[in-house]
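Just dropping this structure here.
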């Protein structure tokens, strides 16, 4: 049974909180690059409880690509919001009195101060590094030096086509989303239930949903370098067939790596998924990553990135033109878009409460993945609190070319290509 | 003058509050039966500050009628909302991991737990009894054994036709509504004023509204078995005519019993009231009950039940098909529907504040009904606090066949049919 | 650096606050007279954190003009809102039980009390004096005797045409608006930036906006009888031309007096500004006053009054028919109407926060007007706290015929007509 204090310890993200300090050691997306244009170069964002603006500076003469900055939302002069400011090749200018800042937070101009004034040199505005990968702008809010931005396979591979989805904000704490990623049982019940609300619970129902006719499966959880690897074993399609394996990890602390069926993605109605090529349809699956961004204690933003291997397409991870479509998870009246699987998840998470009171829970054996995540989370928060570096931080470029997350799904036709990494004993 | 502490004592309804403990000794409606269907069998409700779901289970093979359950909104497993769950003949299943509960709060299934697990037997979910009467589902949130659900005449009579109205939630504490029911003076001023906003205050105005030409009446208040009986004496229609009597009670703690003029009900625009038969029009009046439900400290829901005696119609009190229409008291912008008399009341109650600060009041002689109610309320709260049973609780089925509330209205043509119950001396 | 306590001291407006006590020594508009009509004679208002209703009583037989009252919103009887009450020549009647109050707060009737009761004579409702000037209803919430309602030139002059604008409520504290009025630098940057969002910062841009090609100007601040007089010196239109002067005051504590260019007013799209006569167009400028009303700690309402001198029109300051048009500063989604200059201001003020945290500021030399205002404000609050009368209170009718605020703008063609008042040395 968790106490309210323990719950706070694991979940709060603002400056000065233990979990917030741990989360600040990782990169988080703040926008898709395509959300910022020459015409609309500034976007208000909120990340880990901090009010910020991300902005796009037009390419300087010798450059081909725009540069990006992320600074505190309120100008240090008199706290007007830079949201309505003006951007040029050097930085962002406050709309109120024209103070101008570069992406490092240096104050470059204070137009109304005397020409000879050195006051601007004594001003330093909050500023954080931004890097682009897979069409997303990632930010790092932790202490210098920033680690490398991890090139997870879905984000870094070039031998296929990539696109993404930006979801509307989910009104609950980030950990409710992450617990869902080490909780295999919810697949049958949540997605089974909400995906087919008028069918009774039965073998026929599960088959109709593309699930096994019975809820009978083996789930294992292994800690690995980048989080918790999950392995599910289900019965083969036909009696006598060997069991089918599926493996996909929770990438600590805020992501989920999956393989999805092409048909399932199409049925959810995403715009880009209506344009699959014959080659892609034939492949039948795609690679997928869900990145959850802790906006603040009670709001989470989810970015979805998809990658389909293809002989006819290539994509560079740092390109601007990765298409991101926006997905409204629910109507303003609160009706969830049940066609979308992540909206079904959001329904469950939000319904637990803005920050679920874990002192009221009754966990079972089937929650051992959740328990494992909480222990890992506690351990990593304490490592940071005690001055250490948490798991999965990458500083060696050799290790960051492409990070293979050892993800496969035999039922969808994706078999593991090499010998498995030896799995450590499952944590108790 | 009431102190803020005394105000809290009389008004707060949540678990653990003195008034909440008293209110939990009575049955309260949580929905109309027609709001729950086979297609939409679950409804979120809030009662006495508790978040619940009421649900309709399809009739089992040997049954003709559906059964109903009322349980805590959040599953004890990981607190997802049962709102989005699935109902069968046995109970309700959580949408997240499939835990299933019956109407008594027993946990029947935990699908992802090991088959041999007895964990489910150690889980008990919050559950409350539900009973149907007059098309409404009543709930009892107090200690066992539950008393009988009172069969007030309007709810239990079968010699006529019954229908009802569900109003939009009123944004104030329940006691503001109840004080209105022992406050005869507001009839002239509130309903007179808002029902005819462009007429000056005058005898002509009152006549136009069907009131006596002068505000000149005698009001008496008597405590009786089920609350406070009110008797109003007004002048006869013509000079020399004997005075006219009207009697209608506040049914403790949350209802009002009235006789209404058919014409007044028609003018308010209720759908069902446009279909009065010739026989009903000729009768000229109907029986009426307003049941106020304390949703929480600052929200109240009102159900209206109407009954017209008729030789050509009958109705069973436990039938499902009592028609309830929904009445929006005000627009989203806050404009009240002034055609509806209860919207005029809601305007007054809400305008006093979400929970009126009674320490700022200046009561007069004409508020003696209000004072009497507050004294009775304090007395009954203290009885419950001290381990006793409050007034009007019925446990003898003989007394619950039909409870005649001795209500009549001579100006509308309804005279008392038998000798009056001897009224005790009016409380000072 | 300001402490949070000092920030509260200067900004909070409610009853019992130091700044609220100072602000209560001045008259503030609560409505335009044209907002109250015979059909809709009552309006809810909120002023200095107090919930009130202003109402219009029809002219009595011997009178030509309606009279006005301003009383507490909640009836002292049982706290129903007088908002929905009924007005006659004598006063306002509560909708709930008909208690009637005159504009002085006396209780005239309690219809349900016994005829011989003297209870009403012991009731006194909160009531404040109201006076009409320039089509606005001004209220005084301070201790008696009320000072004279100041006849500022824009409000009191009769040799021309007058009209006004009521803006939607601004969601921030009043002092953020007032600091803007001693902050000349924002003109170039805020209005320059938001008025031409797609132009880079350059000399051409400033010229396009009708500003000087360079931000090069001298600003002086002088304390005077009614607040802070500001004088701006800019370069002449052509090389060799003498410098151009502009002078306009902050009228303590809540107003700004300006001269505006006719063209600028037209471009903002105000309805009345599309009807300028040939004579008015030729004059090229108009007189303008912005009156900011502290609604409560975090809301401010701004009234704009315009006056154009004219040989062909006259206007009386106490006329009812001064046209006021309503201006929505932003959409419900929060998009500001950038065509309107005061919407650009509102954007800046609101973006600082509902009540800006001045402990986070970094003021510069160019903020000396703001610093001067804060010192003056502190001084005046302390004077009131210590029993004195703050600056600019007028009790001598001789001084109140028309108060010339010595406002001119040479670049717009309005030169000072007489010798300037000797300016005291600028406050440090």
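Each chain gets a letter, A, B and C, in the order it is written, and its residues are counted from 1.
Methods note: a residue touches a chain if its C-beta (ideal position, glycine included) is under 8 Å from a C-beta of that chain, and two chains touch if they have at least 3 such contacts.
The shown structure was predicted, so the numbers you read here are calculated from the model rather than taken from an experiment.
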_Considering only chains that satisfy the touch condition with subunit B, which of them also satisfy it with subunit C?_
A
*Tell me whether subunit A and subunit B, two copies of the same sequence, contact each other through the same residue numbers or different ones, using over half shared as the line for same.*
different
*asked:* Centroid of subunit A to centroid of subunit B, CA atoms only: how many Å?
replied: 49
*Could you say which residues in subunit C touch two or more other chains, in rising order?*
none
*Can you name the residues of subunit B that touch subunit C in the complex?*
179, 183, 185-186, 188-190, 193-194, 197-198, 200-201, 215, 347-348, 351-353, 356-357, 360-367, 370
*In the complex, go through subunit A and note every residue touching subunit C.*
39, 74, 76-81, 83-86, 88, 93-98, 110-114, 117, 119, 123
